[in-house]
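After this come two complexes, each holding chain A, first together with chain B and then together with chain C.
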Partner chain A sequence: MSMANTTVQTSTAAGARQDVTEPYGPKPRRMFSRRNIFLYGTLIVVALYYLLPLYVMVVTSLKGMPEIRLGNIFSPPLEITFEPWVKAWATACTGLNCDGLSRGFWNSVRITVPSVLLSIAIASVNGYALANWRFKGADTFFVILIVGAFIPYQVMIYPIVIILREIGLYGSLSGLVIVHSIFGMPILTLLFRNYFSSMPEELFRAARVDGAGFWGIFLRIMLPMSLPIFVVAIILQVTGIWNDFLFGVVYTRPDTYPMTVQLNNIVNSVQGVKEYNVNMAATILTGLVPLIVYFISGKLFVRGIAAGAVKG
Partner chain B sequence: MTAANGTSVSIQDLSLNFGVISVLQTLNLDVAEGEFIVLLGPSGCGKSTLLNCIAGLLDISEGRIFIKGKNVTWEEPKDRGIGMVFQSYALYPQMTVEKNLSFGLRVAGIPKDEIGKRIARAAEILQIEPLLQRKPAALSGGQRQRVAIGRALVRDVDVFLFDEPLSNLDAKLRAELRVEIKLLHRKLQNTMIYVTHDQIEAMTLADRIAVMKGGVIQQLDAPQTIYNRPVNRFVAGFLGSPAMNFIDGHLENADGGWRFVADALKIPLGTYDFAGPPVAGPVSFGIRPEHVSLNSGTGWPFSTDAKVEVVEPMGSDTLVWLKLAQQNFSVRVTSERTPKNDEAVTLGFDPMRASLFDTATGTRI
Partner chain C sequence: MFPALRMQGRERTALTQPADEMSKSERPNPLFRNLNAKVASIPMILTAMVVFVGGTVWTVLYSFTNSKLLPRLNFVGLDQYYRLWATPRWLISIENLLIYGVISLVFSLVIGFLLAALLDQKIRFEDTFRTIFLYPFALSFIVTGLVWQWLLNPDFGIQHVVRDLGWTSFSFDPLYNSSIVIYGISIAALWQGTGLIMCLMLAGLRGIDEDIWKAARVDGIPMWKTYLFIVIPMMRPVFITTLVIIASGIVKVYDLVVAQTSGGPGIASEVPAKYVYDYMFFAQNLGQGFAASTMMLLSVAIVIVPWAYLEFGRRK
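Entry: the complex of A and B
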């Protein structure tokens, strides 16, 4: 009893000593607390680490070759020139072609757009069927699909070359579109299945009682509710397919090379002087599409990723 | 064999298994035209599963289902002539109330003016006319559930299925909508099958209650019959709030009459209506708290003395806890007659109102 009393008194006394006034309202926070210094310090260092190469690339791409030879890679350009950008886009040579990256850009567009549309269209229906129409063998099918996601691509490269050759699509853009669509299937199906599973089951049942069928429920009930996950899927696919190099170099011919392969050929060409400014400009041009996609849809992307978690 | 005349829904030998787990076991249920049936039971008893089978949302393993004399066992939900109301309302979030109501009709290709007429009628019955252009997100829970009922209403069906429709609402709204559903049933005279775990909803709404446990209907009867003459100890304990008192003891025949004995407590069963010829052995004696009288003279066929342990005032009445044969026992009294703690009282009741259950099997004796 007396012990307890003593403790209470000590703590009150200590509290009174430290505080001039009673604690009231929000707890005050110091700007330069140890926590803030660590937090923002780390963020700034990491940001610099990632931004520095980009800075060097931009700066170099705007310099002429004589200025580059001076060797000050961090200094801003003395004379800004857009010559390297024009050259990279329109006249840089890869092998026999001397029309720059433009050919590769349009090839990549012709590969990416149909691949993204096709893979998302199929995967969304897959995911919907797996989540809502529990057909016989659905679980087995799903497991096989997921295992597919873990098999290294390299294992399948040669068999697919043979398959494409046999059906006469080897070297064509449509062949590559098919390959991209197939390889996007496991992860996209998983994405859509999980999203549709998170939707209330009773909604699906209500639609069935209302008489809607497989496609009716998908198109009229599920699709209008799934914009966030479609945005996520589009971002994943656009960036993934645009950045792909391996499939592009294996399954296409020089005149149908995607932009990434052409970039490699420009940068790695062994004859003549290394035109660093042109290489930098070409690299930025190639990376521009995914960058723009991220900037435009960043917010939607985060919302889509979180959608599965917060949806009631 | 077809369903009997006047039967709206007839379930014959229905079984449902998920793999080796048996959810429903050879279940039979006949629902009369215009009847309000409540499927009542604890969660996991198969009541919602049964409703989903009737709706055609689950494929059954055995048996068949008739609706309006037509075998619908293999029919799609939309062709069964049923409308369903869900616990989570299940309104289509991207559609306005009007589109929600008309969705099923549009799918079925019903002409526009007919759709308009039906929506107007449903909106009038449910008083949701001002809400027609709103999205579900802009509605309160009660309004959403009204729209969900409206969606079943516009389909002009014979049978309404309710799957715990009031469970997501707060207590006050629940009581309001309960009355509205009852009024709706009186107005429409449709067959309604209503799933709930709330015994108040079951007692107030049902023409007949089917109490379920473990995929089996334990008792199917009018609410009062189930309340007064439960067929087994599970039903007796599930219905009633506060719950029925049970005293464990045994049945014996002494001096030419049967009596219940637990320790020093001896209750003569002269007025008890045995379900079959009684046999001596261990039994549970059950009596509802409101069937026991406190300090009301000695005119009862059975009375005994006891000491109050705890008093629980509940506003309209008071629950008095005491010990009978060393076992907890509660008595419900009006709040004016609330005794004090530790007060000595006299209990009296008529064994006619009691229920005796076999301790081993739980069935009514």
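Entry: the complex of A and C
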């Protein structure tokens, strides 16, 4: 409320002065106006709230267990130890396996890399076909695909179990790769279709006149021009597939569990003494891949989720 | 990535070339027209028809059977649904979903919009603030849930810290108190998801013409009134898509509950998605799982169908 009033006052003041001196551009604002203190104060408090869990995670993972039992979760570690990280990575137990999160990490890599490649390969060609080579009925399938993206996964989980069992891939990593490609398809196809549709039609026509065919145009003209959208798609898929839990738990076996499933099993296991520092180290390790993708990609990440979310 | 694509491209060209030539020499068969595009769309057609349509029909059909360990076509009418709605765990799941849904909707819209409005004041370090508000969205629900489980741990977390400061009767243990556990879960969900809503809202605010603001200022309309009566109504499409996104996310809530409470204490924080999973893969009562998932589908349809009707019906 106070913010609104002050802004209006400053703007009317600026307007009044305009008559006399004809200033150019907006009125320079004082750094410590009431408006700024309120604005930045709120933003900083909210930012601290958002950063707090990350801070607590890091701090806890660097403490020894005695310090955690005695101290305060917000206090920085008195004695920094990396032992919890080593233990989380290499020796933490889930069920019978005691080789830490490293197993889950490599499983997740072996799931994420082929899933991202396959889903993007399928969806980009598909989006291109929908944008430039529309055949009769194509739009109907596309609408079904998009509407299907809203169906709760729980409805389709069991039929897919049956399909995968029939083709002998249930429980294997390849089966999970197929599942990720299926469920990534609606959003990625939409992304690529919209991108290819926005390209100038003349480009496509000129290539047609020069005798290029379906694949020729795709590989020589569309692909080189659409690198940004591929990067957006990769960001979207890497974070989405890495963070998946439901499909991992349904379609894999304990020794092929992805990292998220294994993390949950380590932290929420009922046996043994709870080692909170190891748990937090494991949690950070699991979150690290999408966080790195996020901080490196910056604005492209925002673009990816905005494109994905608004249209999806 | 690109070599892989190219290889696949060449293989497919080789496969489809003869068909193309054939269609040129003989009488053109409409099936072979634009054949490459059809081949490229096979994965989409299979996904749409076999998995999405076929899978949904299959699940709905089998929800009328008494399948236990294996799916069997032994129809029992609506028995599974009667049993479902007589199961306390399902009723609690639905109640939790409603509470969680209302909280998610209201708070993520309000907080997301307020943050976006604050960021839209031509402030400095906008990118830094946005990066901070959005980073939780990059984390999985499992990671989010486990962090908040730790923060809300009554023996070590926030409650413990406040008690150590001297306020010994302070109590804040939402994850261990069955009457408020779903609120505790919502705290984590909001932390994770509001950044996305803020981004969508910010994009919407940036789409508002600067002249609107100038006109409102000239007329002396206070800023909050401009937001409430001019800007928000203008952002209606953004709000609707955001609403659909939040709503479809609410029904899916599963990982967060598994990570934070595993449905506990007791069955106080169960949600429908977890009910489905547990009945399908642990209780070996497939029929119940199918009936519950069909109910989930129905609830989504109630939200999506009117929206799709408005959205696409108007375009035509």
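Miscellaneous remarks
Everything that follows uses one rule, which is that the second predicted complex is superposed on the first by the 262 of 312 C-alpha atoms of A that agree within 3 Å, B and C clash if a C-alpha of one lies under 4 Å from a C-alpha of the other, contacts with A are read in each partner's own complex, and residues count from 1 in each chain.
Simple rule for what comes next: a residue touches a chain if its C-beta (ideal position, glycine included) is under 8 Å from a C-beta of that chain, and two chains touch if they have at least 3 such contacts.
Model, not experiment: these values are computed from the prediction.
In the superposition on chain A, contact of A:Val209 is made with chain B only, not with chain C. Once chain A of one complex is fitted onto chain A of the other, the partner contacts of A:Pro200 are limited to chain B, with no touch recorded for chain C.
Within the superposed three-chain model, A:Ser174 lies out of touch with both chain B and chain C [touch as defined at top].
In the overlay built on the shared chain, the residue A:Thr91 is in contact with neither chain B nor chain C.
Taking chain A as the reference chain, the count of touched residues is higher for C when chain B and chain C are set side by side.
Of the two partner chains, chain B is the only one touched by A:Met225; chain C is not.
In the superposition on chain A, no contact is made by A:Ser33 with either chain B or chain C. Across the interface of their complex, chain C is touched by residues 1, 3-5, 7-8, 11-12, 15, 39-40, 42-43, 46-47, 49-54, 56-57, 60, 68-69, 72-74, 117, 120-122, 124-126, 128-130, 133-135, 138, 141-142, 144-145, 147-148, 150-160, 162-163, 181-182, 185, 189, 213-215, 218-219, 223, 230, 234, 239, 242-246, 249-250, 260-261, 263-264, 267-268, 276, 279-280, 283, 286-287, 290-291, 293-295, 298, 301-302, 305-306, 309-310, 312 of chain A. For chain B in complex with chain A, the residues that touch the partner chain are 52, 55, 57, 76-78, 82-84, 86-88, 90-94, 103-104, 107-108, 148, 151, 155, 163.
Listing the residues of chain C that touch chain A in their complex gives 1-2, 4-6, 8-10, 12-13, 33-34, 36-38, 40-41, 43-45, 47-56, 58-60, 71, 115, 118-119, 121, 123, 127, 129-143, 146-151, 156-158, 160-161, 164, 191, 195-196, 199-200, 203, 217-218, 220, 222-224, 238, 241, 245, 248, 251-252, 254-255, 258-259, 262, 272-273, 276-277, 280-281, 286, 289-290, 292-294, 296-297, 300, 304, 308.
Residue ranges on chain A touching chain B, taken from their complex, read 200, 202-203, 205-212, 216, 220-221, 224-225.
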